[in-house]
Every structure is written in C-alpha cells, then in structure tokens.
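Look for chain A in each of the two complexes below; its partner is chain B in the first and chain C in the second.
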Partner chain A sequence: MFVGANSAAPIVAWTDAEKSKLFVNVLGTKNRQEFALAPGTVSVEIHAPHLVQSEPHFLVHSRTATGNRADVYHINLKTNVVEKAYDLPELAGPGAFSTSSDGANVYFTRITEDEMILLSSASHGVLGRWPLNTKNSKASAVHAVAEVVKKSSQANSFAVRAAAVTSADEWTLIRNGETAWSRPEGMSGAVAATFAEIPENEELVKSLEQEAHSNPLEAYIHRVKRHIDDLQHLPAYLNAIPSRLISSIMGTEVSAIDGKLSRDSFGFHKLAILATRRGMVYGLDVGNQGKILWSRRALKLSKGDSWDVTGIQAQELTGRVTILGSNGDRVVLEADTGKIVDAVAPGPEKSVQSSAIVDTVSGQQLLPVGVDGQIGDLPSDQTPRQTVVTRGSDGELKGVIFTANGSSSYETTSWVFTLPKDMRVVSVATRPAHEPIASIGRVLGDRTVKYKYLNPNTLVLAAVDDKAQTLSVYLLDTVTGQVLAGSKYDGVDTGKNIECAMSENWFVCSFFGQYTLRDDTAQSLKGYQIVVSDLYESDEPNNRGPLGDSTQYSALNPMENPEGPSLPSVVSQTYILNAPLSALKVTQTRQGISSRHVLAYLPELHGIVSLPRMILEPRRPVGRDPTPAEAEEGLMKYHPTIEIDPKTIITHERDVVGITKIITSPAIVESTSLVFAFGIDVFGTRVAPSFLFDILGKGFNKVTLVGTVVAITAGVLALKPLVLKKQINSLWKAPM
Partner chain B sequence: MELQQLHLGITSHLQPTFNCQTPASLRCSVSQPQSTATPRLMSELQISPKAAPKWVTDLSNPPAYRSKNAGIPDPPGYPSSQTHSSKKKDAAKDAKPQRKAPTPEEMDTLKLKKAWEVALAPVKGLPMTGIMMYMSGNSLQIFSIMMVFMAFKNPIVGMLGTNQAFERFETETNRAKIIQVKLAYVAMQLLALALGIWKVNSMGLLPTTRSDWLAWETQREPLEYAVPAL
Partner chain C sequence: MRLLHHLLLLGTAALTLAAPKTTTLTLLLPGPPFLPNPNALPPSTHATLSALGTHHSAPLSVANAFTFSNVSAGSYLLDVFCATHAFAPLRVDVAVSAQEGQDLLVRVWETYRGNDWDNKGESVKVGEGNAFEGRVVGGKGYFVERSKFNAFAILKSPMILLGLVSMGIFLGLPYLVDNMDPEMRAEWEERQKTNPMNNIMGAATGQSGAAGGFDMAAFLAGSAKKEDSSAEAVAPGPSKGSGNGGGKKGKR
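Moving on to the complex of A and B:
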C-alpha cells in the first residue's frame, strides 16, 4: 500500500482487509511491526518525506466515516525499529495531509474543514495555525500538496501554501489559510449536458395554461386582470429603461437586473446543465460567459468508478432537470438553483441501457430502457404512443411498440434490423426532437423545385466490417425497419473515428479512407473523408414522388399501395478533408430558415470547426463550371478537397482539448444557434450560420438616427407657424 | 316729298354702315340718338314702338365689312353679309369652289374617320415602347420599374376613359359604328397591356413556375412516429 519514505530507512506498509491493523516493514530487515488502527477506519494514507537528509518520520492518516486522525511514527535508524511518536486528534471531515521537507526538518501540514495547521514531525507542538477562509465554498480539502517556508525574519514563524483538491472537485491554492485561487477542475470529466431555460415565474406558467383551456371571453378577462396585476412591476421597468437605452447605444450587453437570472429577448440567456463522471452536476449561465451558478454532488462514487449517464432531460414547464444513470439511479434537480428535488439511489448492477423522451398520455416522460432493449410492462398512462427503437443483445436494432392490456401495456417487437455477421455498429445518427423545416423543396436556378424527402422517422446507421475494412451506411425507417438507402465504402480504416450526423433531408458521415480508384487512372486516395448525401422525393424536379400531393402517409402500408412508403432518391458526394473530425453536430435554429452548418471537433487542431452547407453540397457540378442557373443557386464547381478555413474555426485561438460531444440549441432569434461542447474542456458560444440578419449590429448608428429624427421634428415645429402666416398673407393679396 | 326729306335726313346722319331697306324699319333707326335728330325725325322716331338696344341689333346683324383692300379675301367661316359681301366675294374668288355646308351623312363619315384614327393611335406607340422595354433590361432597376409602371398605367387609364375619348365623335346616327371603333380601341389598349405583362414575365415577376407556389404546399404528415432510445 505504501512504499517509500526517505532512502535512509525506506519502508513498506500495508493494512489488513478490515483496516484494523497496520503492518510496517523497514526495507532490508526481516521483521514486521504491527500497529493498531482506530476502529471504524475507512481508508488509510501514509505520507512521508523523500529527501535523503530528512528525518525518517512518517505519518499515517486514517479516515473514518465522519472524521480523520493521524499518527506520526519515527524510525530508529540504528535499530530499524518503528515507534509511534505522537498522534493527532480526530477532527471532522475528510482532512488532507501533506509532507514537506526543508533540509532535515520534516513538516506536516494538516488542512481540515476550518483550519490549516502546521506541525513538525519531531513533536506535536503546533508550529502554525491559520483559520481557513474558503470564500463560502463548503467543500473541504481531500488531497493536498504543501510547501512550507520558514520566515527568517521572526523565529518560529512559517508561511505555508498548499494546493488542495476539495470534495467539490475544485482545485484551490490556500496560502496561510486564505484561498488565493480556485479552479473548477471537476468539470473536466463531463459525460452529459443539456440546455435548460431559465424557469419563469411559476404563476405565469400556470395562468397561461389556465387561459389556454377556457373559452375566449373568460381567457380575455383573465388576461386583462393579469395585466392590471402586472402594473405593479411598472416602476421597476421604467427604472431599467435608461440603463437599457445606454447599453443599446453603447453596444454593450444588457446584464442581469439585480443579479437575478432572467430571460432576455434574444433567447441567449439560458442555462447549461453539465453532469460529470465523478458524480458532480454543474449549472452554467450561458448568457454570462459560462459562469458557474451552482454545483452539486449528485452521486457519491467510489474511487475509479465513473457515472454512466444514460439520459438527461430538461423540462421547460417545471424548470427541472432529470438525469438517469445506468445503474437505475435517477436525480431530479431544479435548473436554476441545483437543489435536488428527487433522487433514487443506484442499484448494484447495470440495469438501464439508454433512455428516450416519449410522448405519453400524461405528457412527455423520460423512459428508461433496460439491458438488451427490454422495457417491460408500463402503466397505461405512461405508455409511449410511438415506436421506441432500442439496441438488442447482439447489437441489432429493434423497434418496440406497446399494446394495451387492461390498465397496463406490454411491449412487442415490431421490427428487427440485424447486421450481417461480421459487422458491428460504430455510429448512429438521429434527428433532434424538434426540427422545423422552412421549405419542403429546393428551388433550382431555373425555378423548378426539387422536393426534399422529409421523413422524420429515420436514422442513419454506420456499421463496419473489420476484416474487409468496409463501411456500410444505412438509412433506416424507424417505424418499419426498412432500409431506405444504403451505401458501402471500401478501404475504410475501421480503427479510426467514424461519425455521422443528420438533419432535415441530408446526412453526413466522416471516416478515414484509403483506396485505389476504380477507373482506369490507377490513382489512389488516402485521407480523412466526409460523405454528404441529400435525399429527394424523385430524380427529376417538380415531381413529388409516387405519393404525389397526399397530405398523409403511413410507412406501414405495402409498397404497391400508392399511400405506402416511397424510397428517396439519393444524391451523394465525397470530399477529402485535411484534418480528422469527430463529434459531428448540425446547428439548429428556431424556424429552420438559416442555413445549417455542420459543427465538428478537430482533435489534431484542438478546435471546433463550422463547415458551411454550401461547401458540403452533393449537387456541385463535377468537371465543369456551374451554369448561370446553378450559379444563381449558389453551387460552386466541385473540388475534391475541403481545406479547413481557419476563419470557420469557431474556437478562434483557444485550445479546446478532448471534446466528446457537441450540443446545439435554438435561440429566440432565427439567425443564431447556441453551441455547447464538452469532454475534457468545456466550450460554449453562439454561431450565426447566415450571419446576423435579424439583429442590429454594433455599427448601426442609433445616435445619428435619433438625432436626425429629433432635428427634423424641431425644424417642422419651428417652421410651421411661418408657413401658415405666409399662406394666409398670400390669400389676402390681390391677384397680379 | 316729306318722306324723301326724311330719308335724306336720316341717311346723312346715319353711318354708312347701315343698310336699311325700309326706312321705317325700327332696327335701322336704332343707332340714331334721339337728341341729334330733327324734331320731325324725333317725332317719327318716337311714334315707333319701343326700340331694341343698340347692342341687340349689333349682335343680330353684324355690320357688313367694306374692305379697303378688295384683293384680300375673307377667311373661311367669316360671317359675311348676305347681299353686299357675297356679291363682292363672288366677284373676287371665282376660282375657289364654293364651300357648301356638309350634309349630315358626310359629317358622320368624317367623324368616323377621326374616331378610327384615335382608336388606332396606341398601336402606333407600341414599337417604341417595345424597344424601350428591351433596352431597360431584365433586372429590377428603378428605370425598368418606372417603364413597367408606365406600360401598365397608360393602357388602363386609356381603357377607363374610352367613352371620354370618343365623346366628340358621337352622334345619334353613327352610334353603332362608334361602338365598333370603341371595341377596336379597347383591343389596342389590351395589346399594349399585353406588352407590359410580357415584360413583367421576362423580369421573372409572374408566379408561373412551381417554385412560386411552393410556400403553399405542405409537408406530408406521417401517421406513425418513432423515437430512438439508443
């Protein structure tokens, strides 16, 4: 358990299984000494100096469930006998000890919940004691490294600085009891995150719901009453107007009023809830440079364990966030304060494989899916109305529907999609839950329309065959399990990262490919490639496909039936990139009018790039210049490489390391999408794929505008009586 | 004898502009003021019942013009006196044919001809309008917009004012033929309007293609939904 100490008398120390006895053996001797530990000891740590000339003393730090204590032992160099010198009293909290040596002197620094104590290894006289000022952070240090400096100006006065890791996963520097700085290093192990809206007044939500359900006249009267009640907020609103005017003229952002959390009119003030693998949950303020609003330990995990989060959902109506773990644990927190509202402890083994937000009779629920895709019986008010797609035991995909049986409902498998024998699934891309489509067709340059294949029940599955080094990409219909489109790529390196992402009628896949072209040129390609595929209703424009103008369709109808499923026509193109991509995600905006960009993390450049759709376009003309009609559409000539333009890297000059996932959220304004990336580093920003077309820029000269209007008004008011007088005078004059 | 004296007396006082056939006609003697007449004249005059004012006689019988220069003829339509000047004119203008008053049928024919000219006037302007439209190009510039606006305004305003345009040519007899002319006029205006519409179409502003109606087409709704839990 511990080997080391100073090389004059190095030791080996270990405890027995129940942690009641400590055995010490000085290396080189044959005898073993035994010391009793305090009852109820949970963990033991040994701290010893490293320098050759330091005294052969070591400290045994034992933690119980509620407190910690320490014993200091001296080793007699001549006899190689270890004997106890003194012990330190038990104090509450985990406590942290640290050794530091200065020549022959060995000092032990003890950091408890309230104090920082400096001791010498020789005797238990306290050399220095400082009260701990942790700046209203209630965490206590669990591990520390200290440095002791003896101040030569006064005798027996020391200065200690210790870098400590606290129980809230923060890394702080404590200098003589004062916290010099504190870094939230615990955010580095993020596994799941979601955007959450700042909860509005609950009464407002309730009254809005009430209005929605009553008849129009009652609703109107209710609303008028509510507005009259809201007049009490008018003075505060009027007070805030000057500061808002000045900030809008100066171009600065409007900061929160009174320091309270409030939504803003652009929709940029949101919260990001981040869950880390060490069991901590953080609430970040997206509108305020990612300031940490609260952090909470949701789960106590033993060392080395990591929290496997299978689902995280933010509910706008109640302002709560639900986090599901894979061991059946569930935590419900309030989004703005982090207060834990409900918690279910984890079970002994993994029981939840994934989760999904389903539509039920009682609203939207987070449904946990058990191991091997089994869900089990559900009560009828929690039965999903949709087909739930889960992963089976062999990695196959299956669709599960629920049929009612009295007051509960049982599941039946509706379809199964099994891969060929040697293939394994590497990536699945699904659509975001709320995806508005702005137009159902693409207008070509000659004003014909190519209709998009818009089927919300689809997903993209990427599977590899390791032996044959091929990648197969399938577009599956999730209601029937039918393969709508499939493509196979040879020469793919299956060991490297393969990712897919999908949006309205197109999807992208990135992989590393190395192959010889099949035409006669004997050229070979090697590089990181990205395939983009567009889905259309039919090959020729102005054709809505076999379903024509029908307003509804059912995927379950057979193909001969005109109402049945129709296969999309796929147009795809491959490009070679100059850097590998991972963590692909498509931007989302509120109404889907702005063009969409594909966000990707570049592991080698440590940045996040935003690839515009105009470049990732499968209809780009190959081998020729675009015709005027195509140029009007915005199609450029096909060029096989995509050079990642440093201007499109949204992390700018920052180094962002280890991103595993990127999430996007729409704001209230149509031009902007909020982006949040996490992994090791946490990065958040706003992107405007079609530039900020609906927000006045900082260059807009509001002062000139207002000044012109005021000057013209003043001019009109000044000249009006003069003009009137002149007109009246001219009426009185005789005609010439 | 007394009558002759009277006649001479009157004629010596009167201006030579009067050409009275009957000395007793009241109209002739109006111009003589009462105070300058001899008493016998005055009594003669006073016997006659009320005399019309001078301006009435001037209006109804304008004085005959005795031109100083007999070589200059009167302009046509000048109201020459019946006997005196007509004789003079006959003597002076032998070569010119007499302009007799046109008959109503000939008036109608003339008016119809004029009406046809008015009706066909828009067509004459069309080639020039066409060339101007061609020059102004297909993009949305201020000049093209103004051109198109004019091309639309003129035919429509013309069509609304059809009746007004043909007002002066309408008579009771040629009403049926005037309606034909009016129809032709409207047809010509429609032709000019068609040119405007063609121009707008070539600018790409008319919703003739499928892409213009795309916003009214709706997405197909699926009857079943699926949610991935992966």
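Moving on to the complex of A and C:
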C-alpha cells in the first residue's frame, strides 16, 4: 500500500482487508508493528517526508464515510520502533493532508472544509491556522501538495501554499487560506452536452395566462396594473441606458444586467449543459464566454469508473435537463441553477444501449433503449409516434413501432435490416430534429427546378468490411427499412476514422481511401476524402418523379405506381482533403435560409473547420468551366482537392485537443448558428455561414459613423454662410 | 544522431532477418531561407505516414526532424501537420531491394493531392539514414484583417480629391479675381466670355452668356432661334422621314 519515506527509515505499510488494522514494517527489520485504525475507515493514505535529512515521522490519514482523522507516528531510529506521537481529531469531509519538509523539520498541512491548518510533525501544537476562503465553491480538497515557508522576521510565523484537487474536480491553489486561482479541470472529460434555453420569467407567464382566462375588462385592469407595477423598473432601465449605449458604440458585449440570466433578442444567450465522465455536470453561459454558472456532482463514481451517458435532453417548457446513463441511471436537473430535481441511481450492470429523443403525446421525451434493442412496454403518454430504430443483439438494425393496448403500448418489430456478414456499423447519421427547409427545390440557371428529396424518415448507415477493406453507405427509409440508395467504396482504411453527417437532402462521409478509379483504371488515389451526395426527386429538372404533385405519401403503400417505391436520384462527388476529419456536424439556423456549413474537428491540426456547402457541391462541372447558367447558380469548376484554408478554421490559432462531438443550435437571428464542441477541450462559438446579414457585425464602426455625421453637419454649417453670401452676391451683380 | 541511426539500422537489420523488414525514415525540416526558425514551430507539430491499413505518427524532435521507425515496405503519403506553416505532401516509397539481405530502398517524391498517385512530382534526395528534407509551402494566416477607419485613405480616394479641388476653386477663385489688378482682370473677363466652357457653366448658373456662341440650356430646351433656321435648311435632306421628326421637334 505504501512503500518509501526518507531513506533514514523507509517503511512499508499496509492494511488488512477490512481496513481495521494498519501494519508497518521499517525496511531492514523483520518485525512488523500493528496499529488499530478507527472503526468505519474506508481508505487510508500515508504521508511521509521525502528528504534524507528530515525526521523519520509519518502521518496516517484515514477516511471514514463522513469524516477524516489523522495519526502521526514517530520512528525511533535506534530501535526501529514505531510509536504513535499524537493524533488529530476527526473532522467532517474527506479532507487532505500534505507533507512538506524544510531541513530536518517536517510540516503537515491539513486542509479541511473550512480551514487550513499547519502542524509540525514533532508535536500537536498548531503552527498556523487560516480560515479557508474558497469563493462560494462548496468543494473540499481531496488531495493536496503544500509548500511551507518559515518567515524569518518572526519566530513562529509561516506561509503555506497548497495545490489541491477538490471534490468538484477542480484544481486550485490555496495561499494562506485564500484561493489564488482554480481551474475546472474536471471539464476535460466531457461525454455529452446540450444547449438549453434560459428559462423565462415564470411570473410573467403566469400573469399572462391569468389574463387570458379572465373576462376582457378584468384582464384589461390587470394589465394596466401590471404595467404600473412595471414602472418601478424604469429608473434602473434609464440608469442602464448610458452604459448600454457606450458598450454598443465601443463594440463590447453587453453583459447581463445585475447578474441575472436573461435571454437576449438575438438568441445568443443560451446555456450549455455539459456532463463529464467523472460524474459532474456543468452549466455554462454560452453568451458570456462560457462562464461556469454552476457545477454539480450528479453521480458518485468509484475509482476508475466513468459515466457512460447515452442521452441528454433539454426541455424548454420545464427548463429541465434529463441525462440518461447506460446503467439505467437518470438525472434531472434545472438548467439555470443545476439543482437536481430527480435522480435514479445506476444499476449494477449496463442496461441501456442508447437513447432517442422521440415525439410523444406529452411532448418530446428521451426514450432509453435496452442493450439488445428492446424497449419494453410503455405507458401511452410516453409512446413514440415515430418508428424507433434500434440495434439488435447481432448488430442488425430494427425498426420498432408501438401499438396501443389500453393505457399502455407494446413494441412490435416492423422491419429488420441485417448487414452482410463480416460487416460492422461504423457510423449512423440522421437529419437533425430541428431542420426547417427554406426551399423544396433548387432553381437551376435555366429557370428550371430540381426538386430536393426531403424525406424526414431517412438515415445514413456506414458499414465497413475489415477484411475486404470496403465501405458501404446505405440510405435507409426508417419506416420500411428499405434501402433507398447505396454505394460501396473500395480500398477504405477501416482502422481510420469514418464518419457521416446528414442534413436537408444531402449527406457527407469522410474516410481514408486508397484505390484505383473505376472509370479509369490507370489512375489511383490515396488520401483523406469526403464524399458528398445530393438527393433529388428525379434526375431531370422540373420533374417531381413518380409521386408528382400528390400531397400525401406513404412509404408502406407505394403500390400505386408499378415501378415500386420512388427512389431518390443521387448525385455524388468525392473531394480529397489535406487533413482527416472527425466529429462531423452541419450548422443549423432558425429558418434554414442561410447556407449550411459542415463543421468538423481536425484531429491532426487541433482545430475545428467550417467547410462551406458551396465547395462541397456534387454538381460542380467536371473537366470544363461552368457554363454561364451554371455560374449563375454558383457552381465552380470541380477541383478534386480541398485544401483547408486556415481562414475557415473557426478555432483560429487555438490548440483545441480531443474534440469528440460538436453540437449546433439555431439562434433567433437567421444568420447565426451556435456551435459547442467538447471532448478533452471545450470550445464554443457562433458561426454565420452566409455572413451576418441581419445584424451589424463587430466590424461595423459606430464611432466612425457618428464621427462622419458630426463632421458633415459641421461642414454644412460652416459652408452655409459662405454659399449664401456668394448666391446673394451673384444675384446682385449686374449681368455683363 | 546519425551514428545512432546507423546503429539502429544495423540492429534492425540483424534482428529482422526472418521477420518482415522494416526501416527508419527521417524527415528533416528545411533550413533558414525557407523556415527562418524551426525551433519556433509549435510543439503540436507532427508528421504522419499513411497508407491503407497503416498509420505512423512522429512528433517533432529536438533535432528538427520527424523520425518514423519500423516502417515496412509500401507506398506512403507523408503529411506534416503544423499550426503555423503549411508543408507540401510527399510520396514515400519503401521497396524491397532486388538483392537479398539489403536494406529497404527508400525513394521520395513530391505528390499532388487529387492527382493520380503515379503522377509524381520532383524527386527528393534521400540522404544517409533515409533522411530527406520536406518543403515549406508557406505560413498560415488564420485572420483576415478588418479594414479600419483611416482618414488619410479617405482623403486619398479620387472622388474626395475631385471634391476638394472643386471646393478650392469655388472658394479661392473669387479672392484671386478680386486681388487681380484691374487691367489684367478686364483681360481675364474678356477671355472668360469667349471661353465656351464658361458659357456652359454660365448658362447653368443663370448668367446667360449673350455674347457666347452656344447656349447649352437653350439648345437642350429647343428654344434657340438661330438653330431653327439652320435646322429648316438641313431638314429637306436625303432622309426625309427620319429627319423630319428632329426638325419639327426643334420648331416647337
């Protein structure tokens, strides 16, 4: 358990299985000494000095479930007998001890929940005591390393600084009881995150409801009263005007007034809820440079365990965030305060494979899916309306529908999609839940329209065959399980990252490929690639395919046309990239009018790139310059390489390491999409794929605007008398 | 360093007689004219050697080199990833030489992304210990400079210059005229009257140049008398139909 200490009297120490006794052996001797530990001890730590010249003293720090105590032992160098010198009282909390030696003196620093105590190893006399000021963070130190400096001016005056890891996964420096700095290192192991809206003022909502339900006269009186009541905020509002005006002119961000969380008119002010594998949940203020609003331990994990979060969902109506773990655990928190509303402890074994956000009668719900793809019976208010696609025990895909049976509903497998043997699924992509379509077609240069294949019930499945080194990408109909489109890529490195993303009527897949071209076998390729595929209703423009103008469509009953179900027409193109991509994600905007960008993490370059969809366009003309009609459409000549332009890297020069996932969310303004990336590092920003067309950017210089107006006014005022004089003079001059 | 490589190579050669052969590759950073200070490169700089099923990654060493060990025969794509500089991709071919018991043969070319893999670029010299030099394409610029307000730049623009000059004439000319001595002024005014340009301007300001030969405003309004007669004279020309319209318009 412990071997070491200073070389004068090194020791070996261990405990029995029940942690009731401590055995100590001084190295070089044969006898072992036994000491009783306090009843209920759960863990024991031994702190001993490491310098040769320091005294052979050591401290045994034993923790019980509720508190911690310590015993200091001295080793007699002559007889090698270990004897207890003194003990320190039991205090609540885990507590942390650290040893520091200064010459022969050995000091022990004890950090408790509210104090920092300095002791000498020789006696139990307290050398220094500082109240702990941890700035409203309630965490207590778990492990610490301290440095003790004896001030030469006074006899018994010391200064201590300690670096400590706290129970809230923070890394902090405590200097004489004051927190010098602290870093939220616990955020490094982020596994899941979601955007959450700042909950709106409930009182206002209530009073508005009240108005809606009473008779018009009463409602009117109530409203007037409410408005009169609102007048009390007027002085504060007027007070805030100068500072807001100045910050607006200077281009600085307007911070929340009096520290209260409130939504802004652009929709930039949201919360990001981040769950880490160490069982902590953080609430970050996206609109305020990612300030940590709260952090909460949602789950106590034993050493070495990590929290496997299968799903996270923020509900706007209730302002709550639900996190589902793989062991059947469930945590519900309030998004703005982090207060845990409801918690279900994790079970002994993995019981949840994944979870899906489904539409039910009672709004959107996070639905856990069992390990073998079984969901089980559900009460009717939690029954999903759509088909849920799950993974079976043999890796097959299953479509599950629910049939109502009284107050509950039972699941039925509606289809099964089994992959060919030796193939395994590497990536599944679906269209985002929030995806408004601004236009159902693309207007071509000659004013004809190519109609987009917009089927909400589709998913992209990428599967690889490790032996044959092939990648197969399928587009599945999730209602029927039918393959709508499929493509196979040879010479794909299945060991490297393969990922897909889907949006609107297109999807992208990225992989490392090395193969000979099919249409020209003399040529071969090698490199990181991205394939983009567009789906259209038919090959020809102005043709809506077999479905024509019909307003209703059923994937299950496509028998009206003899050719079978209508398959989309796929246009694909491959581009070679100069760096591998991972964590693909497509930007989201409120109305879907702005063009879309593909966001991806560059694992080799440690950055996040934003690839415009304009470049990743499968219809770019190959081998010729675009015709004027194509140029009008915005198509450029196809060039097989996409060199990632550093200017499209949204993390700029920052070294952003280990991003595993990127999430996006629309803002209220159409131009902007909020981006949040997490993994080892956490990065958040706003992107404007079609530039900031609806708000003034930071580049808009308000000072210049005001200055120009003032200068022109001054000029006009100065020139006015001159011009007047000249005009009068010219009128009075006799014509020559 | 070199010696160490040799030793390593010897070691690997001796050890791997039976096992599939591997070799060690070293990519050196170019010197000062291309890369002023290789030591200033960020520590995340690394190089990767990739082919189907294999992936090697090498960090930047103190000797400003990337060393890949245990590279087996094959054709590889070599990329250097650096936050501040862009490097040209290289094609590295590690081939089993014809003679038995010899080291693996390493050849390096520049390659062009998106082109045929056999479309090799310039060959790169492979020195001792399979060391070869990479090529820097250029620095990376992550930022676009935002155009700032600059009074001088505004003053330099031709439109503003034109405006300033005309304002100077507008304000300065009366003073000049006033300060002229009377004889010269009379002479100048005489010349002004004969100047056609002045007439045009004069007409615009309402000082109709009676002595002038051409009145622009009057002409545009179609009210000049002299022109009428000439128009009448011209009207019965060769193209009666089209000419007539113009003539009649002139009359009214």
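By definition in this document, the second predicted complex is superposed on the first by the 625 of 736 C-alpha atoms of A that agree within 3 Å, B and C clash if a C-alpha of one lies under 4 Å from a C-alpha of the other, contacts with A are read in each partner's own complex, and residues count from 1 in each chain.
The definition used in the following text is that a residue touches a chain if its C-beta (ideal position, glycine included) is under 8 Å from a C-beta of that chain, and two chains touch if they have at least 3 such contacts.
Predicted model only: the values in this text are computed from it and were never measured.
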Ask   = Which of the two partners, first being chain B and second being chain C, lies in contact with A:387: first, second, both, or neither?
value = first
Based on the superposed arrangement, let me know which partner A:215 touches: chain B (first), chain C (second), both, or neither? neither
**First (chain B), second (chain C), both or neither touched by A:232** = neither
Going by the contact rule set out at the top, does A:289 touch chain B (first), chain C (second), both, or neither?
neither
Once the shared chain is lined up, is A:579 touching chain B (first), chain C (second), both, or neither of them?
second
Quiz item: Once the shared chain is lined up, is A:355 touching chain B (first), chain C (second), both, or neither of them?
Solution: first
Practice problem: Considering only touches as defined above, state whether A:156 meets chain B (first), chain C (second), both or neither. | Solution: neither
The residues of chain C that touch chain A in their complex are 42, 44, 46, 48, 50-53, 55, 75, 77, 79, 81, 83-84, 89, 113-118, 140-144, 146-149, 171, 174, 189, 193, 205, 207-208
Per the touch rule above, chain B residues touching chain A in the complex are 204, 209-212, 214-215, 217-230
Given the complex, residues on chain A that touch chain C span 469, 491, 493, 495-496, 512, 514, 522-527, 575-576, 578-579, 604-607, 639-641, 643, 646-647, 649, 652-653, 655, 698-699, 701, 703-704, 707, 722, 726, 730, 735-736
The residues of chain A that touch chain B in their complex are 354-359, 367, 369, 384-391, 397, 399, 428, 430, 433, 437, 439-441, 443-444, 447-449, 454-457, 459, 478-479, 542, 547, 549-556
